[in-house]
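Read through the structures below before going on.
What follows is subunit A paired twice: with subunit B in the first complex and subunit C in the second.
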Partner chain A sequence: MFVKEKKGDLLPYALILPLILFVIFLALTPAAFTIVSAFFRVQLLNPPTTFSGLENFKDIIANREVMSSLANTFYYIIIGVTLSTILGIFFATSLHRKFRGRSIVIAVLILPWALPGVVSGILWTGIWDANHGVLNSILKSLNIISEYQVFLGQNKFMTIFAIELVQVWQITPLTTILVLAVLQNIPDEIYEAARIDGSTGAKAFRYISLPLIRPGVAIAVVQSVIATLNIFDQPYILNGAANTGNSLAMQTYAVSFQNLNFGQGYALSLLITLFTLFVSIIVAKFIYKKIEY
Partner chain B sequence: MQTKKHFRNFGVAFLFFWSILPVYWVINTSFQTDAQISDVPSNLVPPTPTLNNYRALLIGDGELQHLIRRSTLNIFIECISATAITVGLASLAAYAFARMQFKGRKFFLFIVIMTMAFPTYTTLIPMYRIMAMLHLVNTFLGIILCYVSGFLPLATWILFSYMQSLPSAVEEAGAVDGASRMQIFRMIVLPLTIPALASTAVITFLFAWAQFIFPLVLASDESTQPLTVIIAAIQGRHVVPYSLLSTAGVLALSVPAVIALLANRFIVSGLISGSVK
Partner chain C sequence: MHYAMKKGNVTKTAAIVLSIASAIGVTTLAAPAKAATPVTISVVLAAPPLPPEMLAEFTKQTGITVKWTQLDWDSLQTKISAAATANTYFADATNVDWSRVGQLGKLGWFHPMEKYVDTKAFAKDMPQLSSFTKNGHVVGIPYDASFMVTTYNKALFAKAGITKVPTTIDQYTKDLRAIKEKGVVKYPLNIPFAAAEGLSTYWYETTGAFGGQILDAKGKPLFASKSSAGYKAAAWMVDAIKTGLVPPGNINVADSQGQQTLMAKGKVASTFSDYSGNVGSLYEVPSASTVVGQVNYISTPGAKGPASNLGNADGIGIPVKAKNPEAAAKFITWFTDGKNMADFAGASGLSRTWVGYFFPSRLSGIAILNKKGSLIGGDVLAAMLDKSSAVFPQGAPEWYPQFSSAVYTNLHDAAAGTKTVDQAINAIAAVATKLSGGK
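Up next is the complex of A and B:
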């Protein structure tokens, strides 16, 4: 119902005004700031601010730490998106049919999503730690290792995997929820028809569920890409000062707020933003297809 | 049929333990002494459960206790204020978008949705510089404004989708009875929107509670730093033993954990309507 009002009706504008002010001054203005400043030399300790063209971008490309964090972020994304998507589909499939206690399981499912990244980092320190971590204890009890191992901060791939697993723990609930929502919209008749034709279990999953959950998976993958591309809290807590497994987001923070080279920080932020939008659109284009029943 | 059931049971059991074991482990650790934590093999339950870590963290006049108490108060101030302002402003805007026709409606809606796609780094550095210009660095107001700007688009979107799906017959009856549009909003639309308001409030509160990089940048000392930032700071010091750190972790997770377990239905419906556009 749209209430048609006479011309010059100001009420709707009054209602959206606070929202629009927030969006203009604390979202669009900062975004424009980032785009423009990426082409300026902005160093707080070394003014003045001057136009510098592509200088910031050249500096970034020449900076080996930034480039290695870019490669690391690529690993974070690959590991995180793959694992959270597979786990999410697996969990959603397990929760598809009603069973006793399902609402409790869904409540528990949400738990890791609700926790701050910092807290998850603390939790998983207790698992990965080299001196008292429970993983070391389990592996030793099973005689798989004879000495406690260092999982974080030595081997780059092990470090990235261990840190990303913490993030997977946190983002899989959202993937599960999004896939489950789509899964529950698939009409039962389709499974019924397939059953009569002899397709059940794995076959029904492969040929009915999997193609039909694609829109949900697409949205989930976009969310996971954005989360993994911006990973910061978990490596900050789990790996602290160590450079092994530094993410692009950590590098941007260090360049901007530790080296106080805001120009380069802006340039990096702009690249992260563009990359996020680009990947989101590509993923959405490839996986997302509207399903009509 | 039988294998299918086994598959599902395995999936549910795996999901359950995968989600809860890390949380169990930190709680288990928080009730042990520092020496017990280093036992090989690790203790699956606290051998002699002790509240000493909680006492050491919360009671007393030391610097650590002061930091923990202060930052717990701060995080509540920031989360509750940000949630109240976000839900209030979002419900007004959502009502206008869902129920009124006006010039620029589509345009404004588009801008709001567009900002939802910005990753953290699009706004982080300029946000800091804007707050510095306004002398709002290290103030509650600065942090709360920053949170509200981040959560408002999503909150508006969730409430807008929900209000749009409400049947308008009751409101039309209200209009016929001569109620003004704001009366209709207060007395008819808002009460019907309670489930979505709950979703929005819970999700906004949890997002605010989880914030780290924005307060890390915007809060420069303990007068405004939330619990998450303080935990990261004491973790970085290395002199604080893991027994105390895990206890601080339990404090910081207790609030979102209780909310997640009690309000999961609102979270699920909010997440679905917030992501599916």
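Up next is the complex of A and C:
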């Protein structure tokens, strides 16, 4: 009997073994390697690898290009998280009501999220292009502009805004789906009770929906922060390596694979990871709220 | 009950076995018979696939099938670096760019080609092979003799009343202004100002036209002073976009994009630093061009007369993690054969012509083309090739990618107006000085 129970106990462990190995080898091991290597001088063109303490971190802070990309990334996060959250809540609320063709609208809404960043970047090149772009063509045909305008590469804020719009177009569907899932869990009885008390429409949204979707919004905000913090494909395709749109992830790539200075690359990756963790904790603390019906 | 227990045990055992199997990556129990497996190699280049007829011919000759992948140049360089640093397989044969020979040679990411092919025999027929050699090892084999040339749309120049080909930069600039002023085209000159490699090479060619070089033998900058050719070249390029010779939208246009969407569509009249071979492979191709019969090569206008052209040959090599290096070597030998390269350039008809191919790297290939008279603009190109020189006569430095990044980001900033030419040049010079070991 005792032997049988022991055998039975093995099954759950066996089933989660692939996941445990996956996490150990593909997440924890590289993370540990990155943390340790961040304190070493690892330059492929100038070996050998030696312990360097905090040198990599000091060099990163002193690097003007890194600081410029940090500022750009900050703008990407602010614009991206704000817009995707507001739009995501708006779309989720709209889709919460039942209407004909709702499932088709949801399927279409998901499409941008399913596209690789490179593909969306190429698609939007045709919109922003200053020589032949669709947007310029429309604005000119409507007599809003007399000359084709340059949207990317000249003004830093315009460039970042235009690039981030592309990412917002991509990440908003996930925010929408996350918020919609939480909205659908809110019992109808709560809205009915509110309706009896005279609370409908905007009031019901403000005092019932908005507080109750906080768990979904928190998860959506965290995923938006991670996506915007790691933005790479869109600025790279739309604006090249120019300083006007250079992101922290692009800078990490340049330091690691272009300059072949992996020590600094590891240090920069570590700082990005810590920042993501910090923002996630803040979001969880201030937005997330456990809700039980 | 007994049966049920047995079944339960079998299920549990199967689950455990499957879990372990999936964890260690076992996907099939039947090992493939190696001898029966045909050889397939992966070739990754920043170029469209070879004509199917040619690839089929190679497979018939050798039994090796080629899986061709095209990537843009910048992405390809990233993937080569990422795969090599991660010590993983990427391709059996891939690009060895002239600008990365120093770096790749030092890092040992590619097999020395002399291990697989008779490079000494190749050298006699390939003048640019020496540019692909580092510390006595051949890192890659040049498969074209690409060099930077000037192209002009003679129809648009003629519309502005210009019939004499400009031979100096001053005359060339005056002609472009005349084309603009007469309203032939709004923006007559194509300069790709996107922050990418194409902007760097454009500046190198323009610097050469102004009669100078970029770096000295020790890698120190030769362009920091205002009287230097490099400084004048940067000022000329930035002035061209500020004064409306270059479309303002070119701030984010890459080299091939500008050639395909501006020059090939007759929206600009000239590209000062174009690619040798583009007339035959792009501007004369009706499906891609609206200026068929209008674009010619001209000797690159220089400070006092025609300037020399700078070579930027493309090479192919075998990464150390290649799965089939011997098969890759067979492909490279076939790919860089003189007759085949002549066919790529159009010597034997369209079905064997490789879209976008520039110019054979073997003298024997050029001889075949000239004999058949099938090299478009061949006489001008041959004269330019004769005068052509390397961007870095001492060889590209190991730190070239970092230097080039400084070049294109700073020149882009100057064109966008976020930096002055002075600030941009000083920033580039500071990077070159630091990378070459300080003062």
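A few remarks follow.
As a convention for this text, the second predicted complex is superposed on the first by the 273 of 293 C-alpha atoms of A that agree within 3 Å, B and C clash if a C-alpha of one lies under 4 Å from a C-alpha of the other, contacts with A are read in each partner's own complex, and residues count from 1 in each chain.
Keep in mind that, in the parts below, a residue touches a chain if its C-beta (ideal position, glycine included) is under 8 Å from a C-beta of that chain, and two chains touch if they have at least 3 such contacts.
Since the structure is predicted, the reported quantities are computational estimates derived from the model, not experimental observations.
In the superposed model, A:N259 makes contact with subunit C only, not with subunit B.
In the overlay built on the shared chain, the residue A:F51 is in contact with neither subunit B nor subunit C. Applying the stated contact rule after C-alpha superposition, one finds that A:V150 touches subunit C and leaves subunit B untouched.
By the touch criterion defined above, A:G240 reaches both subunit B and subunit C. When the two structures are aligned on the shared chain, A:P18 is found in touch with subunit B and with subunit C. In the overlay built on the shared chain, the residue A:H132 is in contact with subunit B and with subunit C. In the superposition on chain A, the chain among subunit B and subunit C reaching more residues of subunit A is B. For the contact definition in use here, the residues of subunit A common to its subunit B contact set and its subunit C contact set are 11, 15, 18, 22, 129, 131-132, 148, 240-241, 253, 256-257, 262. Note for the complex: subunit C touches subunit A at residues 9, 12, 15-16, 19-20, 22-23, 78, 81-82, 85, 103, 106-107, 194-196, 247-254, 261-262, 267, 398-399, 401-402, 405, 408-409, 412-413, 416-418.
Every residue of subunit B that touches subunit A in the complex is listed here, in rising order: 1, 3-4, 7-8, 10-12, 14-16, 18-20, 22-23, 25-26, 29, 37-42, 89-90, 92-93, 95-97, 99-102, 105, 108, 111-112, 115, 117-130, 145-146, 148-149, 152-153, 156, 168, 171-172, 175, 181-182, 206, 209-213, 217, 228-229, 231-232, 235-236, 242, 245-246, 248-249, 252-253, 256-257, 259-261, 264-265, 267-268, 271-272, 275-276. Subunit A makes touch with subunit B in their complex at residues 1-5, 9, 11-13, 15-16, 18-20, 22-23, 25-31, 33-34, 37, 90-91, 93-95, 97, 99, 103, 105-127, 129, 131-134, 137-138, 140-141, 148, 169, 173-174, 176-178, 181, 200-201, 219, 223, 226, 229-230, 232-233, 236-237, 240-241, 249, 252-253, 256-257, 262, 265-266, 268-269, 272-273, 276-277, 280. Within the complex formed with subunit C, the subunit A residues making contact are 7-8, 10-11, 14-15, 17-18, 21-22, 44-45, 129-132, 148, 150, 152-154, 156, 238-244, 253-254, 256-260, 262.
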